[in-house]
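When the chains are written out, they are named A, B and C in that same order, and each has its own residue count from 1.
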């Protein structure tokens, strides 16, 4: 294939053909299995729908009800609380990845086990959490034995501590993913750069700060965005298996609310409205974070 | 490039294999000979995984049905045991108009919730003489709209399968150790018993209220001693409120269990199933329960298992009556492909023969009258006698679904002290108002 | 994998001795490593207990040993059947994901075409939708497409749900590959396809390994949609099948633990394999 002959032939023209074709399968799948169902959700958010009878158009009533729904506010607040863990989930795994990369003593053990928490089914983690944090569970027993009886508590029996337990599980189960991402990112960096810095006498922290972090900017961005999304959109299983939304309503989150509204209350229209609002919130967070990190540069990430 | 080409070949082979395997997946409905009857099992039969006594009953039912109807293949799908997941599956199926022929659903509000999607069964029942009368009368109310079957003239959505109620299970050996013979009948006497039992170093009662179930069961049982005829209908019509003297007194009596040291300190975050397991392991003298717990308890503790009516705190006309419920209904969804076959299946399942088989496996009294009267198992006979006196249904099955779900949580909070009883109950009233407008 | 096999130029520096922070850090990481192993111990200990022993002590060493739980799980739980189903669904999804995400990632990063940025943003934006929100429409859609109770329903669905993230991963990775490599291949007369297959994909091994690990985990453990879309035993996956063992009135915890153990081991195995591959790719100089 000869190159650069005239305007109508050559590599760029072929890219204009093959680019879209390469992207087509991905775009098609996304449109059919995410876009189209979401369109249905948007439509149904303006209806009263119990799934058994045809949907009835009611305009923005669902959204207005949402504004006055105190349970929705509580659920959203809990999601925000979950999102507070995100900075921890961005920074700590980065440090861990760096330590593995730098072969700190014990790195082999660590490298073999760091991803394990992510592998376990959330059911096991939830069951374990129920057992360990129970009133007569391992944690309280440990406190008792070491004389710290003041710290004993019914961890799952009160709202704030129950949220804390769920947060702990989230961080523990997820950090492996983030470490993998950072390690993969580090592996694609030019090894000459840190080497050069070291030769110049830079200490480990300096190398981290000035060489790795700038080079890993895109990975950090990804970790930040995906972990924030998790705090809003992937907490359901944890809540299910650890507290089932309790005690009372204290560990409800928006997803759990959608689930209940849709299936236990058969308010599919209302649930759709909550879903649309939740998606918008996540989008806003995502856009905000990317803007913040890319310094306002728009275009493809 | 050799290893690279090899890797490509391997990758392509894997892809080809996976995709072709994926292609061989069969769809659920048999496209073989004859008809297929799609049966979805919710309610008590969600736990009929193979090897369990429930499954034995299901298999017997299916074999018999297939024998009686040659050419028919019965296909069983188990619904999830978790209420939320079950609702998700059922709701989605109805929405997509992709429904089975027969379903077993929890009775009461759980059936009522799907009323628009269920076939009205009056025409089948009327065409089968003697059918309606062959059941324990009280059970029909849980299969009808408005909880009123009007002797068969009301809107019937399902056929009841079994009876339930609430009882206090107790460990006879532990009671003997404390010098007692059986649980008290009133709360005030129960508190005294707790002190005695506790004095012997035994946990008097294991209470699993994480989901609010324990308090809900105790409340329903106790309300029988306060209610007057017609009070249930008044409650459903919102002429009687949750935030009213009967409910508050009852909740205070139940909370007394905590203050008198009857129960485990982490009751409000302890799961009900865990408490069942603990009782079966001999760790407590009493636990609230239902007939379905019987196989597990007897299996673990044998003849040490004792049964007694629940304690009450009120002095109304029904103070010695019971709260009860029909636990499961058989229903036929609208749009079922084989409704006549489905009706035959239901008839078989609720026949005296199958119901008598059900008793030893499932532990709960049958809804079929003849079967209920010929039960040999002493425990089940006791239950049958008890629940036949039921005056009001289980509260959380009588109110609309969304109120029930909220009710559990508010009861949990009322019991734990996070909310005062009247505050919790007024929240329930608010939800009731929303649900009914 | 000894130090000698790693090219010297990129051998990481040793942590200097005498660093004050070293021991607390090592201790912390060891604690985390131990906590990572604890569930494995918990499941194993639980699986070997009898049901009554479970009640007596959940965390301590089992006082009874019984293979009953494994038997219950394997026989009653139909574990072998569900295992096969999970394997098919997982490998099918991974295959489809690899194809679509690498092609798409390449298209969005290294190829130039009109509308590229818009399409890319379009695909990425869908990451914001919580899949749970789409439960009912997807169910309806699968019924309409006659895909209920087939492997294809979940394969297509899982691939689609994760495409935004996967495309981003591949695109970001490809973008970090210097353009000179592609120019060089083009100079040698390679077509777009050849460049893609022979140059980009081999370089992308760490990203592909990462992709595989994440997606295998997601598909293997996914519960909600598998519950809705796969009802018949022919296609039901392991996660749904094992959780079936939780009943309303019976909790056969040891069997549940046995089931979960059986369900976790393959994923642990996959993780160990891929993790080595990831590190090996790193050490061998992925950029070469």
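Basically, contacts are C-beta pairs under 8 Å (C-beta built on N, C-alpha and C of every residue); 3 or more make two chains touch, one makes a residue touch a chain.
Keep in mind it's a predicted model, so treat the numbers as computed, not measured.
When every chain is reduced to the mean of its CA atoms, the largest separation from subunit A belongs to B. Chains A-C form the pair joined by the most contacting C-beta pairs. Between the Cα centres of subunit A and subunit C there is a gap of 15 Å.
The distance from the centre of subunit A to the centre of subunit B, with each centre set as the mean of the Cα atoms, comes to 37 Å. Counting only residues that touch two or more partner chains, subunit C has 99, 135-136, 140, 224, 243.
For subunit B, the set of residues touching two or more other chains reads 82, 88, 91-92, 95. Each of the following residues of subunit A touches two or more other chains: 51, 259, 262, 268. Listed in rising order, the residues of subunit A touching subunit B in the complex are 50-53, 130, 134-136, 154, 156-157, 240, 243-249, 259-260, 262-268. Of all the residues in subunit B, the ones that touch subunit A in their complex are 82-84, 87-88, 91-92, 94-95, 113-117, 210-212, 264-266, 268-271, 401-402, 405, 409-410, 412-413, 416, 418-419. By the touch rule above, subunit A contacts subunit C in their complex via residues 1, 3, 11-12, 14-23, 25-27, 29-30, 32-38, 40-41, 51, 96, 99, 101-106, 109-125, 128, 131-132, 137-138, 172, 177, 180-181, 183-184, 186-188, 190-192, 195, 198, 204, 218-219, 222, 225-226, 229, 232-234, 236-237, 255, 258-259, 262, 268, 272, 275-276, 278-279, 282-283, 286, 299-301. Remark: subunit C residues 52, 54-56, 72, 75-78, 88-89, 91-92, 94-95, 98-99, 135-136, 139-140, 142-144, 146, 148-152, 155, 197-198, 202, 224, 227-228, 231-232, 234-235, 243-251, 253 touch subunit B in the complex. The touching residues of subunit B, counted against subunit C in their complex, run 4, 8, 11, 14-15, 17-19, 21-23, 25-28, 44, 46-47, 49-52, 75, 77-78, 80-82, 85, 88-89, 91-93, 95-98, 273-274, 276-278, 280-281, 283, 292-293, 296, 300.
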